[in-house]
Amino acid sequence: MVNPIVIIGITLASAFFIGILQAYAKVWARVIFILTLVFDLLASGIVFYGFLSGELARPISVKIGGFPPPIGINLLVGKAEAAMAVLIFSVAFLGAIHWFVKGLPQPEGKAMVLFLLLSLGATGITFTGDFFNLFVFIEITSIAAYGLVASSRTKGALEAAFKYMVVGSISSTFILLGVVFLYKATGSLNMMDIAGKLLGGISSAVLALITLLILSGLLVELEVFPINGWALDVYQGADPVVVALLAGAAVKAFYLVFLKTAGFLPLSSFFSLALIFGGSTYLAGQFFAWRQRDVRRLFGYSSVAQLGLLILAAGFFLNSALASQSRLMIGAAIVLLIFNHSFAKTSLFLLADNVKGSNVEDWAGTLRGNPLFAFSFTSSVFSIAGIPPMAGFWAKVLLIFAIPRQYSWAVALILIGALAEVVYYFHLYRVASQGEGKEAGGNLFSPFVSSLLLVVSVPMVWGIFSRKLSIPLNGQVLLLLGISLGIYLLGFSRPLQWLGSLATLGYGIYVLLPHFKPDLSGFFLALVLFGGGALLIATYPGSKKLPSTFYPAYLVVVFSMAGVVLSSTWLSLFVFWEVMTWSSFLLINMGEGKKAAWLYAIFSAAGAYAMLGGIYLLPSLRIGVGKVPGLLPAVLISLAFLVKMATAPLHIWARDAYGESAHQFTPLLSGIMSKMGVFGTALVVVYILGVSSNPVFRYFLGWLGVLTAFFMTLLAVFQDDLKKLLAYSSVAQVGYILLGVALGTPLGWSASLYHTVNHFFFKALLFVAAAGIIYRVGTSYLPQMGGLIRRMPLTFFATLLAIISLAGIPPLSGFAGKWLLYSALIEKGWIFITVVAFLASTLAFLYCFKILHSVFLGQLQEENFNVKEVPLTVALVEVLLLLPLIILGAFPRLLLDPIDKVLSSLPGLSPAPIHYGRVMGAVTKLGHWNALFLMVFFAGSFLIALVFFAITSARIRKVGQLDVGYSGEVPRSAEDLHFGYGLYEHFRKAVGWLIYPLVTKVWKGIYEGINALAEMGRRIYTGDVNTYAAYVIALSIIILYIFSGVK
Amino acid sequence: MRKWLALAFLILLGFFLAKITSAFPFGVESWGVSKHYVDKGIEENRGSNLVTSIVVNYRGFDTLGEVTVLFLAATALAFLLATCRCRRRYERWEASLIVKAASETLYPLLILFGAYIFIHGHLTPGGGFQGGTVIASAVMLMLLAHFTFHPNHKALSTLEGLAGMSFVLIGFAGLIWGGSFLANNIIPLGQWNRLFSAGVIPLIYVAVGFKVGFELSGLITDMMKTIKEE
Amino acid sequence: MAFFVASILLILIGLYAVLVKRNIMKIVIGLSLMDTGVNVLIISLGFIRGRTAPIVNVKDLLVNTSSKVVDPLPQALVLTAIVIGVAVTAVALSIVMLMYSKKNTLEIDEYKELKW
Amino acid sequence: MWSKIFYAFLTLLGGIAYGLLLGGISRKITARMQNRRGPTVWQNFIDLWKLFRKKTAVSHGVMFYLAPMFRLVGGAGTFLLVPIVIDSPYLSNFSFGGDLIVIMYFMVLGCLGMALGAAESGHPHAPIGVTRGLSQMAGYELPFVISVVVLMIADKTATVEGIVRAQQGGILHWHLFTHPFAAAAAFISLLGMMTSYPFQVVLAPQEIAVGPPTEYSSTFLSYMFSGRSVFAMAKYLLFMDLFLGGAGSLLEAFAKTFLVFLWPLFITNVFPRFRLEQSVRFFWTWPTFIGLVDLLRISLMR
C-alpha cells in the first residue's frame, strides 16, 4: 500500500532535483523525469487497485504534520481521487513521451520541471482535504500552466497565456476570498470538518454567497459558457502536449474539486446552477464548433462542451432528491465521460500536433495510407461522439436513463448536443479521409496508445454495464462480431479475406440456425444472413482497390443487423442499430463521395438520438411490454427507422450515399440495410402504436410512404447516374413497403413483407449488376454507356428480369407485391393514397426503360468496344438472384405462406385473408390472381409464338449497329446515333416544377441558419482580455444574485 | 461606455463582497480551529511565534506548496526568458560611486540580517520567506549598482534545489520516524523561547530561507540579465 | 471597519484596471493591486481589537493565550497568499516581456489574434 | 381445358381480325373527312399479309428478334384476360387469371417488349418515341387510375366481372351514367392510350414510319401489327366492361367496342397535335379534376 503523500513528496523532490540536475547532466534529468512519472503512475495505480480489490473500503485520510484534521492539513483519498490520479499521470506520461519524441522546448530541464509540477498540482488538487491547501495547489497548477502554455513562445501562445493568466488570477482571487470567508464563517478550513458543520444544508444567505464565490471561481476554471474564451484561446494557441495535459487531466481535477466543493457545501440552488451552466455550456460548445475552421480550437469547443455535460451531470449526481440508484448510474456516467474524454482528447490533440497547418482543410487525406493515424483518429472520434462500442456510448446512455422523467428536457438537450457534435466531428472526419493520401507526422506513439486504451477498455466497460442496465446482448452475435473484426488480420490478401468472410458468414448461419423461426425476427434474420451471404460472393471483383477494412466492416454490418433483429429490448436494438449505422458509415466513406457519408452520418445520428429519446420515454425497455402513453415515443423511435428507409423528407442523404458508396457495398445497403428500417417500423407499429389504434398517425405514415414513392420515382426518372438512379428507385420502393406497414392490416403487411424480400432480390441484383457494369465500363454515367447487350448478354437478361420484377409486371415476382398492396389499399379504403401509388408505379416504367435503354440498348459506344461480360462472381450472384424472381413469379405462396406464419405470430395481426383456389389462384374479397397460370400462359404462348415465328419468318439478315434507316443518310459514329442525353427532357418540361429541390433547400436552410446563429454566438469571444475579465465579473455577479436565495 | 459598465459591475461586486464581510464584525473575537493553535501551540511546538508554528508545522504542507509555487515561478520565468530577445527601451546609466560603495558595504550586512531573520523565525516576527526576501534584496542592490556583478547562476539554482529537497526530506523523515509527513516529533522540541527549540521548525525555516533567497536572487538575475543591451 | 472598506476598494480598483485599461502592464498592476486588497482583507478578518501579535515571547502570554492575541491563522494564510501573488506577478511579467519582444507594443488591441 | 384454350385461340384470331378491321375503318373515315378516297377497309389485312410474306428480314440483335413475340403475347394476354361476354364459359376467356389490377399491369408487358426491341435497333427515333410514349402514359394514367379506383371502391370489387355485374339492370346502371365524371376522365385518357390526335406525337406518323419500332420490317412488323391491333381491342373491351355495362352476347360486344372505338376517332379528326409536355399537363389537369369529382364523392359517401 502506498501512502498518497509519497506520490506528492517524491514528485516534488524530483522536481527540485531535476532543477539541480539540468545544469550538470541533462540525460539524467530526463531519466529522473520519466522515472518519476512512472513511479507516480504505478503508485497511484496501486492505491486505486487497493480500492478496487476491496482492500481499502473507505476513503483514506492522511494527516500531515502529525495533527489530525481539522488541526492539521490532511489528504483525503478515495476511489475517485485515486482513479483521477491514475488518469492524470497516464495522460502526463503519454504527453511526456510525445514531447520527448517531438523535441522538448528549451531549456528542457525547466520545461520538465514545469510539466512535472503541473501534473503534481493537479494531483494535489485532487487529493487535498483542506480548502486553503486546495487554493495552493490550484495556484501551482495554474502557474505551471501559464508557463507551459507560453512555452512555444509563438504570438498565439503568449497571447493565450496572458489571457489565461488574467482570468485565472481573477478566478483564484474569488476562490481565495471564498476560502477565507469560509474560515471566518465556520472556523475551519478542513473540508470534512466544514461539511460536518453544514450537514443540514446551507441556511444563511452569507454562507450561500461564500459558497457561490468559490463555485464561480471554479466555474471559470471549468470553462463555463460564456467565460471560456481564454480556454479556447489556450487550446488554439498552446503546444498540443500542454493542451492535452490541461484538457485531459488538469481540468478534470478541477471538475472533481467542483464536485467535492458542491458536495461539502450543500447549496440548495446548486442543482439549477449546474443545469443552467452545464446545459448552456454544452450546447454553446457543440454549436459554436460548427463554424470553427481551426482544428485545435474545434477540439477546444468540443472539450468545453464535454465539460458542460459533466457539469450538467454533476447537478443530477448531487441532487439528493433523486433515487440513489440513478445517482449511482450518473456517477458511473461521469467516470466514463471523464475517462473517455481524457484519452480521446489527448489522442486528438497529439494527432493535431502531427498535422502541418491548423485548418480543417490541412487535414485532408491524413487518414489515407496512415493506418496508425486513422486508427487513433477514428477510435477517438467515435469515443467522443459516443458511438458504440466505445465507452462514451455508455456514458451517454447511463446518464440519459438515470435522469428522471420530469427533466426529460435535459435528455433532449443532451441528445441535441450529441447530434451537433456528430455534425462537426464527422465533417472533420470527411475531410481527413478524402483527397490524396498525405504524409502526417510520425509521432504517433502516444495518440495510438491513448486510443488503444479506449479500445481496450471496451470489453471491460461492456462487461460491467450491459449487465447492470440489463441489456442482454446476443452472445452469439457478439462472438460473430469479434470474428468479423478478426478478418482484418487477413488484410495482406483480399482473396483470403473474401474466403474468410464467406466462411465466417457460413459459420454465422450455422450458429444462428435456432433463431430461424417463423416470426418477425426469424424472417428478417433469414433475409440478413442469406442475403448478406449472397451479396458477399459478388464483392470479389475489383477487390484490389478495396481497403483491408472493407471485409471486417461488411461483416460487422451484416452481423449487427442480425443483432438488431434478434434484440429483445429496445436498448440492445439501439446498440446494434448504432453499430450497424457506423460500420456502414465507414463503408460508405470508402466510396468516392465523402460528403455523402457525412450527410449519412448526420441523418443517421439524428435518427438514432431521436430513437434513444423515444426509448427513454418508454415505460419498459423490453420490446412489446407495457402500455405506451402518447404518440411521442412512437414518433421519435420511428424517426430512426424512417431515416434508414430514407423516407421523404429525410431522404436527402440517400442519393449520394447509395450512389457513391463502395460499389461492392451498395447492394447490401439497398437490399438489406434499408429493410432494417422496415423491421423497426414494423416493431413500432405492432408493439408501440398497435396495428388497430392510432389510425391518424398510421395514415400519416402511409402518406409519407406513398409520397416518398412518388417523388423518389420522379427524381429517378431524371437521374443520369446509374447508381443514383437505382438509389432513388430503392428509396421509392421502400416507400411502398412503409405504406403497407402503415396500413396495419394483414393484407398490407403481407404486401410489405413480400415486397421486402422481393425488393431485395431484384434491387440487389440490379446493384450487383451495376457494380459489375461500372467495374467493366469505368463510369456510372448513363449517357456514356449504351449497346452493352452485345457485350454482356447475361447481365442484360438478368437486368431485364429484375426490371420487369421491379416494375411489377406479371408474370414475374414483382407483381405479387403490387397486387397485394393495391388490394390492401382498396380494402382499407385509402383512396387518395391508392391513386398516388398507382401513378408512382406508372412513373417507375419511365426509369425502368431508361436503365435498360441507356445501359444495354441503342448504340454501343466506341470506347466500350472491348468491354467484357461482368466477372464470374458477379455473374454467379446475378443468376442466384435471378432464380427467385422467376420461381416466386410462378409460386408466390412459397413466400406468402411463411409470411402468414409470421403474421400469426404478431399481436393484432392474422394471416392474410387470401383463399387459394385451383382455377382462380389467390382470391381475396376484392379480386383474384392466378400467378402460375399467367406464368405458364406467358411462357407457353411466348414459346409457341417464337417457334411459329422461327418457322414462318423470312430469311434473317443481321446487320451492323450503324446500319439503320436514318433519313437516307449514312451515320458516321455510334455517338451521333445514340440517344443518351436528356432522355426525358420533354417530360421535365411538363413536371419539372414537381422536382424543385425544396426539401434539400429547407435542410440546407436549417443548416445555414444554425451556422449563422453559431457565427453570431461565437462572436462573444472577442479575443479581448478586458472583455473576458468583464464576462467573469458579470457572470459572478449574476451567480451571486440569482443563486444565493436560500430557502 | 466601457468604463461605466465596468464601474457598474464593480459596484455590484463590491456590494456582494461588502454584504459578506458585514457578516463578520470587525475586530471581534471569533475563534475557530486556530484556538487550538493559540492554546496548544506552545505545548505542542515550543515555538514562540505562533504564526511560524502554523506556517511550518500545522499547515506545513501549505508552505511546501508555497515554496513550490515560488520555485515554479522562478523556473517558469527562467524557462520563458531563456530564449527571449528582449531589448531595453532606454539606455542604462552606470550608478554613481556613492551608490556603488554603499551597496558593497550593505551587501554582506543585508545577507547577515536576512540570515538572522530566518534563523529566528520561530521566535520573532519573520521567518524563511522574509529572510529570503531580504537576502534577495541584497543581491538586487548589487545588480542595480554594478554592471559587472554576476551571481553564479548554476550555484544559485543548485543550492536552491538542495534547500527545497531538504524540506521534502525533512517531511519524509517525519513520515518515516514520526508517523506522518512533516511531523514535528523526530527531534527533541527543546525549551520554549530558545534558539534551539521547536523541533524541525527552524530547520525547515532555514531551508526555506535559503531557498527563497536563492530563488528570488536567481529570479531577479534572470530578469535583468536577459535584457540585451542595444 | 475601515480596513474592510479599504481592502474591498483596493480589490475593486485592481479589478477596474483589469477591466478597463488597455495597456498590458497596467492590467498586471491591476492584478497585483487586487492581490494586495485580498491580503489586507484577510489580515483584517483575523484582527481582534485590543490584542497583541501572536508571538508568545513573554511569560505573561503563556497562560490563557487565546484571550490575549489576535487570530494567527489568517496571518499564516496571508503569508502564503503573498508569496503566491509574487509568483504570479513574476510569471506575468515574464510573459509580458516576451510579448513585448514579439510585437514591440503593450497595447492590448495588438493581442487579439485568437478569437471566435 | 383444351377446348378452352382452343376457343381462346379462336377468340384471339377474331380479336386480331376485328382490330385490323377497325384500323382500316378508321383510316377510311379519316381519309373521307380529309376529302381523300383513302385505302380500302381491308388495307390492314393486305399490309399484314404483304409483310408476312417478305423474303428477308433485317435483325439488329436478340432483343430486336424477341420483341415482336413479346408484343404479340403481351397484347394477346391482355386481350384474353378481359372477359368479352360475361358468364360465358368460353368468351370470358382467361379472365380467371386475374382481376383488374392484373390486367392493368399485364398491359405493360407488350409495350415493354416493343420498346426494348425498338431501342435495340439503334435508331435514335426509337427511344425518342418510346420515352414520349412512356411520358404520355404517365400523363393519362392519372385520370384513368382515378376512375378505376372510383369504380373499384364503388363496387367493392377489383374484378372485371364484378364491375360488369354491378352495372346490370338497365342502361342507367352503366358506370358511364352512375359515375359520369370518372367515366369522362377515363374516356379522355383513352385518347392518350390510343395515341390518337391530339396526343399523337408519340407515334409521329407523319414523320416516322410506324412510330418507335421504325426499324422493323417484314415478318417482324407483321407480328407487331397483330399485337398492336389485338391490344387496341383489349382496351376497347376493357372500357366496354368498365363503363358500358359489359356485353351479354358477342353481338353486343361488337357493338359496344365499336362505340368505344368511335370516340377517339371523332376527336382525332378535329384537333391538332399537342406537344408532349402539353399533353402531360393536360392530362394532369382537366381530366384529373373531372375524375376527382367522383373520387371525392366516393370518399365522402363511404
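Letters A, B, C and D mark the chains as written, and numbering starts fresh at 1 in each.
In this section, a contact is a pair of C-beta atoms (placed from the backbone, for glycine too) under 8 Å apart; a residue touches a chain by one contact, two chains touch by 3 or more.
Just so we're clear, the structure is a prediction, and the values are computed from it rather than from any experiment.
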Which of A-D and A-B has more C-beta pairs touching across its chains: A-D
Centre-of-Cα separation between chain D and chain A, whole angstrom: 53
Mean-CA-position distance for chain B and chain A (Å): 55
Chain centre separation (chain B, chain C; CA means) in Å: 15
Distance between chain centroids, defined by C-alpha means - chain B, chain D (Å): 107
Residues of chain A whose C-beta touches two or more other chains: 132, 136, 139, 143, 146-147, 150, 153, 177, 181, 183-184, 1026, 1030, 1033
For chain C, residues contacting two or more additional chains: 11, 15, 19-20, 41, 45, 73, 77, 80, 84, 87-88, 91, 95, 98
Per-residue overlap in chain B, given as positions that touch at least 2 other chains: 2, 6, 9-10, 13, 17, 21, 24, 31-34, 37, 59, 62, 65-66, 69, 72-73, 76-77, 80
Which chain pairs touch, all of them: A-B, A-C, A-D, B-C
Contact set on chain A toward chain C in their complex: 132, 136, 139, 142-143, 146-147, 150, 153, 155-156, 158-163, 165-166, 169-170, 173, 176-177, 180-181, 183-184, 229, 232-233, 236-237, 291-292, 297, 1018-1019, 1021-1026, 1029-1030, 1033
Residue ranges of chain C in contact with chain A within the complex: 11, 15, 18-22, 24, 27, 31, 34-35, 38, 41-42, 45, 73-74, 77, 80-81, 84, 87-88, 91-92, 95-96, 98-99, 102-103, 108-109, 111-116
Complex interface listing, chain B residues touching chain A: 2, 5-6, 9-10, 12-13, 16-17, 19-21, 23-24, 30-34, 36-37, 44, 57-62, 64-66, 68-69, 71-73, 75-80, 82-83, 154, 157-158, 160-162, 164-165, 168-169, 171-172, 174-175, 178-185
Chain B contact footprint on chain A (complex, rising order): 3, 5-6, 9, 12-13, 15-17, 19-20, 23, 62-67, 70-73, 105-107, 110-111, 113-114, 117, 120, 124, 130, 132-133, 136-137, 139-140, 143-144, 146-147, 150-151, 153, 177, 181, 183-190, 193, 204, 206, 209-210, 213, 1026, 1030, 1033-1034, 1036-1037, 1040-1041
Footprint of chain D on chain A - complex, ascending: 787, 789-790, 793, 796, 800, 804, 807-810, 815, 818-819, 822-823, 826, 829, 831-832, 834-835, 838-839, 842-843, 845-846, 848-850, 852-853, 856-859, 919-921, 925-930, 933-934, 937-938, 941-942, 945-946, 949, 952-959, 961-966, 977-979, 983-984, 986-987, 989-991
